[in-house]
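Remarks on the structure that follows.
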Amino acid sequence: MSLDKLKQIITDVMKEVDVVIGYKQGFDPLHATPCFITKPEQVDQVIWNPLCVQNLASYLTSLKKKVGVIVKGCDSRTIVQFMQEGLIDRSKVVVIGIPCTGVVSVRKVLEKVKHEPIEEVKFSDDGMVIVKTPSGETKMALSEVAPDKCETCQYPTPVLYDHLAGEPITSTKDPQSVFKDIEEFDKKSLEEKKAYWEKEFDRCIRCYACRNACPMCVCQDSCIAESREPHWVSQKSNLTEKMMFHMIHALHLAGRCVECGECERACPMGIPVNKLKRKINSDMKVLFGYEPGVKPEDKPPMFTFSVEEKNIEEHKL
Amino acid sequence: MSEVGPKELRIVGFLCNWCSYGGADTAGVSRFKQPTDLRIIRVPCSGRVDPLFVVKALLNGADGVLVSGCHPRDCHYSDGNFYARRRLEMLKRLLPFLGIDDKRFHYTWISASEGQRWQQTVTDFTKQIHKLGPLHSGKEAQQ
Amino acid sequence: MRVGVFICHCGSNIAGTVDVARAAAELRKVPGVAFATNYMYTCSEPGQDEIKQAIKRENLDRIVVAACSPRMHELTFRRTIEKAGLNRYFLEMANIREHISWVGLDKEANTIKAIETIKMAVAKVMQNKPLYSSSFKINKRVLVIGGGVAGMQAALDCGDGGLEVVLVEKSPSVGGMMARLDKTFPTIDCSICILGPKMVDVAQHDKIKLYAYSEIEDIKGYVGNYEVKIRKKATYVDWTKCTGCGLCMEKCPSKNSYDYFNFGVAPTKAINIPFPQAIPKKAKIDPDFCRQFTKGKCGVCAKICPTGAINYEMQDEIVTEEVGAIVVASGYGLIDMDKFPEYGGGRYPDVITGIQYERLLNASGPTEGHIVRPSDHTEPKTVVFVSCAGSRDKSLGIPYCSNFCCMYIAKQAILTKDHIPDSQSYVFYMDIRSPGKGYDEFTRRAQEDYGAKYVRGRVSRIYPKGKKLVVVGADTLLGTQVEVEADLVVLATAVTAAPGAAQLAEKLHISYDTFGFYVESHPKLRPVETNTSGVFLAGAAQGPKDIPASVGQGSAAAAKVLALFSKDMLESDPAVAKVNENTCVGCLKCKLTCPFGAIQEKELRGGKIVASVIETVCAGCGVCTSTCPCGAIQLSHFTDNQLLAEVNAICQK
Amino acid sequence: MAEKEYAYYTGCSLEGTAVEYDMSMRQVFKALGVGIIEPEDWSCCGSTPAHTVDRVFAAALAARNLTIIEKMGTGIVTVPCPSCLSVLKRAHLGMTQDESFRNEVNELLDEPYEGGVVPKSTLQVMLEDVGLDAIASKVTHALPGLVVAPYYGCILTRPPEIAQFDDPENPVSMDKILEAVGVKVADYAFKLECCGAAFGVPKRDMVNRLTYRVLSMALEAGANCIAVACPLCQQNLDLRQGQVNSTMGSSFNLPILYFSQIVGLTYGLSPKELGMDKLVVSADDIVRSRITIEELAQREANAKAAEAEAKAAEKLKKAKAKEEDTKTEET
């Protein structure tokens, strides 16, 4: 995909929208940051590379204007899910899709270079990332530092778009193994799993970054994690309350999580918060043949029902 | 009595007002004896039971949670239990992922006339929870 | 907050297995509880006075009554505290009888369970908010489902009381099972002679609108305002033109149609008027047998009909009626003969059911009242009656007694002797159940005056031997086996729920028991009410019952409807969902899941979209509350905080 | 060549009093291409006395055989004797439906039974696995004049939760098989009536009475032969017929055949192979009445032709009469 083509599309789209959301260079060479383009001269700020990790669709529900938005394949599912839930007016959104060959996990890169200051980041054509730090250049394969979601990505090309900046790409990842990690984890003993989550959630500092980053957390400032009316969780900083918070987050996303991974990316403690939601998604697939954010005409399974549930059997004691 | 009876575990039941709560009443009227561990919370409909109530109870000290509503198609509010079925099934599958045995959570359908079925359910579920023992380590069984 | 706790002994019902004094003492220690006491019968007048006085004396503002099920006395105590000046929703009940004292034997465990259950109620009541009903207009029309004797009685009583009545009957004529009976016990008066005038009254009553050959398609709404969709099934005869002359029936060449009215005792024509006294007296085509439908050609009836009423193209029609209350009198069914392979399972033509025998006895039946064997049309001399064919038989899933078979068997034995003086009847019975006025005398008459031989024992087997049927059974009084060579065997087949009873219940949102009979609100004190307000029961739909009981219930249900409609406005239940507009984010997932369409979108002045509840439509299920992620829509009286308070009261790690 | 192989548990009767059942069953299976293998070292199934004493022990007796059969890997065992079948099925169902019972029984066994055998009666295998069309396709002979009353006895279909085959109160499997091979079947109301066989020794008078009824009802139904699928039924009805005649003053001479013998006769098998000579009440008349289906077809064709001729004659007569009538009218 060429950046010029993207810029050309943005320039065209600018004519019919109030703002286009894209990426620009962030505070250091390793970080891209969202940018809001309202004037033609700002188009040149736009960048596109594997550092463009943010899910820009997250902004859509809070914007009243007519918006153009750049989405990767994974991000596009957010828009579809919004449509299923009636959360956006599709006619007010122009979707600029980018066929994506994978992004990087900034966290993984930083770990590779031992958190040294970043001087330069380059991407070679053969899928390598070259990071320059004061102690020299480190070369790493893109696949080595990709976020987990890229490893099983089924939708490199956006599932829906008005403009596509580049040629569609088909996924080469086995659709059967999307939830392989979840299945593997579930095979562990109850004690092991319990210990795992207790250890992970105990690190939670209840900063709510995961929630704030989540495009599907529509409650925004009304989140019940911080409310007394209703009073689901107390302000106590103990494991029970932390787990309760994460269960609220997970269950509120049941059958809605589009697995963009923003929650995990945002978590300062590196807690695998997306895992619970992916587990639920794997069940949604089995129970209702449902995958969030794929078909605009679908109904999220928790907000509907069948009189005869084909895949739910009555439980016996 | 010299011996202390079997120790109770903490079991919470959410019962819909129209069917299962009535079923429990019917069991009472018929004097169908049941184990004493269960504490009942009356809700209008099983569809009112947010799975988070179950989680809340299990995280905060319950050893087992039972939810019971009207039989599918027989909901006093026509569709409430259909929603409940989906949500509670989702939860039942999630619990073991968190390391909580899904046998600690049971959801079922009992009508107001099924006193015997209620007795059987309470008896079997209590037995099942006792087989699993307390959920929270270090917590002593009560009574 | 000052909570008062009143723990009831219920005589020894509770106090026998729960230490109520200790419970009261324990509750006094609970923060927020200002007063706790125990009392012999809290629901009695002095018991209620005690509550009222304590509210004044102790300045209580929340009340917990620990007693029986709230399904029993919640309303009683709500009224009590309201009289003492508290909002009625400041009451919670702890069910320590049905759920504790009656089901546990261990007093220690029961007491602890009771204390905790009361503590949950205290925790909840402290979260209760005052709620106020609003009133709404009611539509003073009543729907009666079923035109049997119970439904007709209800319809006539409601109509006489000045209400407009919509009567829906699924078969082509009103009359139900009673119209098929020959005579009625214990007076042996002619069934149709006493029912006929009632049927005519129904047809001629200016307040009653009759939909015959129609079924309930759908019911929406709530007490006071129901919208009912009725399916008028295609009769292929324009009833506005049909005069009931019967010419079509005479000329119809299709002579082997199943006769539903006569339970297949003899065939009928494909176009027929079910019986001479039918109301409405209109013809109807059975497309399963009509040659025009099965072979695509015939048209005899269309040619012969003097008024041109025949219409082969007729389609079902859906009409909508609006009513404020519903009486369900949908009657009963009978178990199929194929459930009795040991009695031939329907293979032997001379083994028939009791209702078929009624048709053979009946002067307007297919044999004009001559008792003949279906196989060879000869007069039977030995008739064996088998009672409890299916009834009280757990193996068939029918543990209950069918209520009226003992009586009609006695009647049929008497009538058999009347019709065929040289005949002999045998009755195999388990127990003779005749607990009505003049009933026991009647069964004795059958034995003593009419010589029916009663054999106490069950029939194990019936097999054909030549032209006869050998009935093999036990005589448990003599302790021997009995074999009777019979000409005709009549099975008193068990009463079941009406076919389709469950589906109708689902449309009405009322409960039914394991057997499909509708469940009354209280088995003794609210026998014709259901748990769905505005829906009442009459007749055998609620359980097997005979004519006087069905008529009684029809009138009772009518009285309930008249009482309900004696006011112009009804008070709404304020336990409905409420939206907190400050926290609602307008995602409208609640609107998606509400089973009643009670949620609307509302735009606030700033342009913010929020959900809004239509209070009269909301039924109070709370699905919205468990759907709302931000807890902005809360079902009053069952809010998250109220339920969490209960959870927290018992789950403390 | 065998299409499918079954384990074949004969049980003790078929080695003794019911040897003709065994002989004919094997011949019929052979003709139908059904392979059967006798389990090695099979032992008593424990029928009749064992289960009245100890449920677990009774199941163990049966399960020992099931273990042996399980290892043969045929999956299904076909059992000619209903008594054996009932016991094997009871053990199998009990052990597969109740884990603790299975453990209890397996404790008594050298090698555990895992539940991998489905016991089926020979009737069930014939009806469900072989199928009526296949059964009919092997017919070469007819038995004109034979009217059979099929007698199932008490335990072939009952209790239904154990038997799990056919209608418990009005079984038709044997009727269907016999009809498939072209035999006329009587509508017999006493298919299941107790013949009293089990009380043959202690309560002779009662057995005579019961047997008398079973036999006389067959005659009443128009039958001249009874077909059975149970060694005990056969023995009782066949062997005791004389005894019944002498005590009840009757003169029955009703052959009691195994259904497999009748099927075998229609397949053209020799009476010797089918053990016809082992019967007490002679079935020689039935054997003698046997003709090939070609012969039957010829006979039927002849009969039809005769009938047609008669009809034609009748028609002619009528036409003539009519002609006469019109003539008279004209005149």
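To keep things simple, chains are lettered A, B, C and D as they appear, and every chain counts its residues starting from 1.
FYI, contacts are C-beta pairs under 8 Å (C-beta built on N, C-alpha and C of every residue); 3 or more make two chains touch, one makes a residue touch a chain.
It should be emphasised that the depicted structure is a prediction, and the values quoted were computed from it without experimental measurement.
Interface comparison, B-C against A-C: more C-beta pairs in contact at B-C. Using CA-based centroids throughout, the chain positioned farthest away from chain D is A. Between the Cα centres of chain A and chain D there is a gap of 71 Å.
Note: centroid distance chain B to chain D, computed from Cα atoms, is 54 Å. Inter-chain centre distance (chain B to chain C, centres taken as mean C-alpha positions): 29 Å.
Each chain gets one centre point, the mean of its Cα atoms, and the points for chain A and chain C are 54 Å apart. Multi-chain contact residues of chain D (touching two or more other chains) are absent. Multi-chain contact residues of chain B (touching two or more other chains): 56, 59-60, 73, 79, 83, 87.
Residues of chain C found to touch two or more other chains are 593, 627, 640, 644, 653. Taken as a contact graph, the chains fit none of the simple arrangements: neither line, ring, star nor complete graph. Across the interface of their complex, chain A is touched by residues 51-52, 55-56, 59-60, 72-73, 79, 82-83, 85-87, 89-94, 96-101, 106-109, 121, 124-125, 128 of chain B.
Those residues of chain C that touch chain D in the complex are listed here as 341-342, 345, 347, 463-466. By the touch rule above, chain A contacts chain C in their complex via residues 85-87, 218-220, 222-224, 227, 229-232, 240, 252, 299, 302-304. Listing the residues of chain D that touch chain C in their complex gives 167-170, 189-190, 217, 220. Across the complex, chain B meets chain C through its residues 5, 8, 10, 12, 17-19, 21-22, 24-25, 27-29, 31-36, 39-45, 47-50, 53, 56-57, 59-62, 70, 73-80, 83, 87, 111-114, 119, 136, 139, 142-143.
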